[in-house]
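The two complexes that follow have subunit A in common; it is paired with subunit B in the first and with subunit C in the second.
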Partner chain A sequence: MVKIKLDHIYKKYAGNDDYSVTDFDMEMKDNEFVVFVGPSGCGKSTTLRMVAGLETISKGNLFMNGQQVNEVQPKDRDIAMVFQNYALYPQMTVADNMGFGLKIRKVPHTEIKKRVDDAAEILGLSDYLTRKPGALSGGQRQRVALGRAIVRDASLFLLDEPLSNLDAKLRVEMRTQIAQLHQRLETNMIYVTHDQVEAMTMADRIVIMNDGKVQQIGTPDELYNKPTNKFVAGFMGSPAMNFFDVHLHDNRVSNGKGLDIVVPEGRLKGLRQQGYLDKDVVMGVRPEDIHTEQIAIDTFTDSIVNSQVVVSEFLGTESNLYSKVGTTEFVAQVNARDFHRPGENVEMAFEMNKAHFFDKDNGVTIE
Partner chain B sequence: MKEKSKILKVILYAVLILYAVITLYPFLWALAASFKPLKEIVSGNPGLLPQHFTLDSYKYITGTSSLFTSWFMNSVIVSLIGTIVNLFLNTMAGYALARLNFPGRQRIYYGFLALMMVPAQVLLIPNYLILMNLGMLDSFKSLILPAAINIGNIFMMRQFFLSFPADVEEAAQIDGLGRISTFFRIVMPLARPSIATQAIFVFMGFWNNFMQPMLYISTPKKYTLTLGLQTFTNQQSGVRWDHSMAASIISIIPIIILYIVFNGYFLQGVRMDGEK
Partner chain C sequence: MEMQKKSPKPARGLNGKHGQIWQAYIFLAPAFVIAAVFFIAAIVFALFMSFNHVNMISQQFEFSGLKNYIDVFQDDVAMTALKNTAIFSAIVVPMQTIIALLIAYALSTRGIKGKKLFRLVYFLPTLTSSAALTLIFMFIFNVTGPLNNFLISMGLYQHPVNFLQNPAYSLKVIMVMNIWSTVPNYMTVYLASLVDLPESFYEAAEIDGASAWQKLRYITIPYLRPITTYVLLTGIIGTFQMFDQAYIFSNGSGGPDNSTLTIALMVYQYAFGSMNTMGYACALAVVLTIIIFVVSRLTERLNGSEGLR
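And then the complex of A and B:
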């Protein structure tokens, strides 16, 4: 266990005018699984690499157990890291790959063997210890990379998009395996991914980044249900949240392109208090908050739109209905039983109690 | 269509076989001549099989009256030391230019590229004068030192290291290796195919070098093989084709051995993402 504090950290690469990471400020709790998520180039891997010591910190401080470690070499930080492309040593066997870090640290041979055997058993690699990485599948290589980190028994695990090279099925398997490993090892982990599903399913806390800036830090539930801005709201969730540029007048929102619905008093109160009445705002509605079931149509009578299905995707348990009302396009995620074919006219109810509103200019959530 | 491609294939093979025979014949002739007495060689018989098979030429050149063994050993020493020094310096320089961030790195690289354009002949006289002033003429140092690095090979190694995955080095860093140990324990073993290619070219360069030994070496006992071989054709008794051919055949043996040893590396491609 190690207490980690990233204290207002900045990163600027030589020759760049702008910072790649700006004012990253976060403290990790014991045994916490933190996921850095965001689109490509948002600075999440750079931040992880600064924690690892593979990149210098331009401004700010990194503390581990209260000690400032900005200048400490990676090997002296008591960390283990799993790389996106595995970064195995092709000339060494699986066992040698896993035990190499211990060998460098002059751990006795019998201890190395014990730790490698234990890790191999956890990861199902016992039969492959004498093979070289070239003779392994992608999933096996990824497990060797994990094994290399496990045997180190480090205080902090850093995982840089470790599953991005695996196929969808294997990714789900490995996701579970990593989550189990975290529970078993009881150690801090920082995991970088661009996949919001990985972030949501694995994290104790998520740090969502964009353009080098932290957008929000919180639990998956907080990020999903209480996004602090439009970017977070749009990034978390698949299909992504529907956004509508609307005008708020009286108790209704409309966009002049076919969408015209009532905002319930509970949501309207905050908007009114903050002076958004008779102003343009961005409204966000998650696809699963748009319903086609009769019970919803009967319940949300003030927010029904007569829409036409343009494309429908049947996903087994649910269906995504890409629809439009007037010229306004949106997607609804409904129960698979309510599957509708393209071209069908369908009544849809917007569950406006769950709608999100954002300032049109800066995208900040209007509470 | 199939018939046409078959005919084309036959023509292609015929041309290639003819070319191979044309290329191989001089070598086979030299090999055969080394087992013939001088009279038979100069008799004008172009046949390959010796009518009077003899090992006399080999006995003569390896005997005590000949300096051939010394020349051979001189060539081995110069080529081996020169190759080892070259591999070490070229590989490290290539790595530094590809991986290390230091002021002026790009300028040094462009400077190297510019120096590649300078013909070797232009440097002969300046090198001679420098070596003379340093008192290194007529020594192996004069053959090794001016050729201790090779810009072409530095360039080749730089290109290799540019494509070398950085995360393997970073993994080694996290595993506890410093920059130098990462270079020797992780990078060098993975660079074996490139280093082997370099080794062959550098060794052959030293082994076949004639111009520099001719200019810098004056004591016959210090001659390298290329220079020594020439003496067989300069003796007053005429050209000793038998001795010359035997010496030539022996001189190519190290190159053949080197090729056989490193051949595997030429064919081996290493993918650096953990695959082979």
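And then the complex of A and C:
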């Protein structure tokens, strides 16, 4: 258990003009599972590495249990880290790999064996302890890397894109396993990923970053339903949110390219109060908030568009309909029963109560 | 009815399957002919000569059975040469391997500035010819050379040491020279392999609390094991065959007092010297080949391809 505070942390690499991480400020609670998510190059791994002590902090302070640890060596930070490429030593057996950290710390041999056996038991690796990493599958190697962190019994786990080298099915399995591991070990974990699904499914809190800057910190629910800006709204969710550049006039939004719908009074009020009437704004509608079922057509009579399906993807439980109205393209995620073939003309209802509006210039959410 | 597809006629000549194999043979042929004439035939001929008393002047071969081989083991000079060569190899090979590895490890460390310059400077000796290098070292180690001047000015010696003419030093000077000239090459080989060593290996070890020495011991050395096998083998072969530096150093005599006489130099003396003993020289060469083979195999075994425990 450790309290971690990243106090306005900046990182600038030698020779670079710009900061790679700008003003990262956050406090971690006990036993919290925090996920740093963002596109590649957004600074999430750099931040993790600063926490690990593998990168120096250019500005700001890192506190662990109230102690400033900016200059503390990685080995003295009581952390364990899992790397993207697992960093397993090819010449050592699974058991030696897992026990290496303890051996370096001169833990007695019997104790190492006990801890390695325990970790192997948890991870289902007991039968593989004498094997070398080269003789393991990707998923097994991944578990060895986790095991190496577990045996250390550290108070903070750092995981740097640990699942990105696995295939899709295994990734889902390991996701659950890591989540279970977190519950079992009751330690703080920081997990870095570029996959928003991983972030949504595993995190207590998500830190979403872009261009070295934190965009929003919050629970998966907050990030999904109350994004603070267009970037967060677009990054979380798959298929991504539809964005429309629209003009707000009276109680309608239109883009002059076929989209023209009514904004309900509830949403309109805020927009009007903040002076967006008769101005250009960005409207965001999640694919699942665009409906084709009759009941929705009957309910949202003011926001129906006659669209044409361009590409349709049948996914079993739902279908993604890539459609257009006029020349405006968007995607709707509908029940698989409402599957439509490409070329079909379909009436679609936009659930405007759930629409998001963003400032056209800075992308900030308009409440 | 569906027309049965006519299978394409197998191509003949250079374009068919067999043609490709023939093409391969044609490309291999020149190299094979050269190898056959200059290596295989030469080896067979040397083997033949080693069982004969050979008079190169009259071109006469007289079968003498194992006499040449027995002579090798009864010849004090041959034993001295063998001892010199063995000592030379036993010291030079581990030293050049360790030094090359350490420099490569240091140069591959993250954050070291001027890596390229260091690499260039360290690699320069490899570009210098062996003869020029030997002359430079002979100048440095000369009685009136800079090393003696330095040692005397430091007050370590009262009188200059005759490194080149004193049997106690002469072989050691060649050792230093050989190590100095071979390390860069091996260092480059090690460096090339270290480029592929993932940085995360070191980082994981760093988080585990490993010191620089432990990282070297548990990560770098085991990782470089296959390269080390290569370095050791080429090192052993190179040192057992060492000829040019000893030849230039001693003007071909192996002196002073046979202290720089290596087997390769002795083979040369006996084969092409005034003694006209080509058969004996061939026997020496065969013995040298067998020794190199045995030592190399042993080293390969000891080093192994698996990690040290």
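Definition applied: the second predicted complex is superposed on the first by the 367 of 367 C-alpha atoms of A that agree within 3 Å, B and C clash if a C-alpha of one lies under 4 Å from a C-alpha of the other, contacts with A are read in each partner's own complex, and residues count from 1 in each chain.
Note that in this section a residue touches a chain if its C-beta (ideal position, glycine included) is under 8 Å from a C-beta of that chain, and two chains touch if they have at least 3 such contacts.
None of these values were measured; they are calculated from a predicted model.
Colleague: Return fit or clash for subunit B versus subunit C, each positioned on subunit A through the superposition.
Modeller: clash
Colleague: Let me test your reading of the model: by the given contact rule, A:I104 touches which partner, first (subunit B), second (subunit C), both or neither?
Modeller: both
Colleague: Contact-wise, after the overlay, does A:F243 reach subunit B, subunit C, both or neither (first, second, both, neither)?
Modeller: Touch partners of A:F243: none, neither subunit B nor subunit C.
Colleague: If you stack the two complexes on chain A, which partner ends up touching A:R141: first (subunit B), second (subunit C), both, or neither?
Modeller: Only subunit B is touched by A:R141; subunit C is not.
Colleague: First (subunit B), second (subunit C), both or neither: which does A:L54 touch?
Modeller: So A:L54 meets both subunit B and subunit C here.
Colleague: Just checking: does A:A80 make contact with subunit B only, subunit C only, both, or neither of them? Give me first, second, both or neither.
Modeller: In the superposition, A:A80 contacts both subunit B and subunit C.
Colleague: Once the structures are superposed on A, label A:P133 by its partner contacts, choosing first (subunit B), second (subunit C), both or neither.
Modeller: After superposition on chain A, A:P133 lies in contact with subunit B alone.
Colleague: Touch check for A:F339: first (subunit B), second (subunit C), both, or neither?
Modeller: A:F339: touches no partner chain.
Colleague: So, does A:Y10 touch the first partner subunit B, the second partner subunit C, both, or neither?
Modeller: neither
Colleague: State which residues of subunit A lie in both footprints, the one left by subunit B and the one left by subunit C.
Modeller: Looking at subunit A, the two contact sets intersect at 52, 54, 73-75, 79-81, 83-85, 87, 89-91, 100-101, 104-105, 148.
Colleague: Residue numbers of subunit A touching subunit C in their complex, please.
Modeller: Residue positions touching the partner: 52-54, 73-75, 79-81, 83-85, 87, 89-92, 100-101, 104-105, 148, 152.
Colleague: Can you name the residues of subunit A that touch subunit B in the complex?
Modeller: Contacts found on subunit A: 52, 54, 73-75, 79-81, 83-91, 100-101, 104-105, 132-136, 141, 148.
Colleague: Quick one: which bits of subunit C touch subunit A in the complex? Just the residue numbers, please.
Modeller: My answer: residues 198, 200-201, 203-210, 214, 218-219, 222-223, 225, 306-307.
Colleague: Using the touch definition from the top, list the residues of subunit B that touch subunit A in their complex.
Modeller: Checking each residue of subunit B against subunit A gives 165, 167-168, 170-178, 186, 189-190, 270-276.
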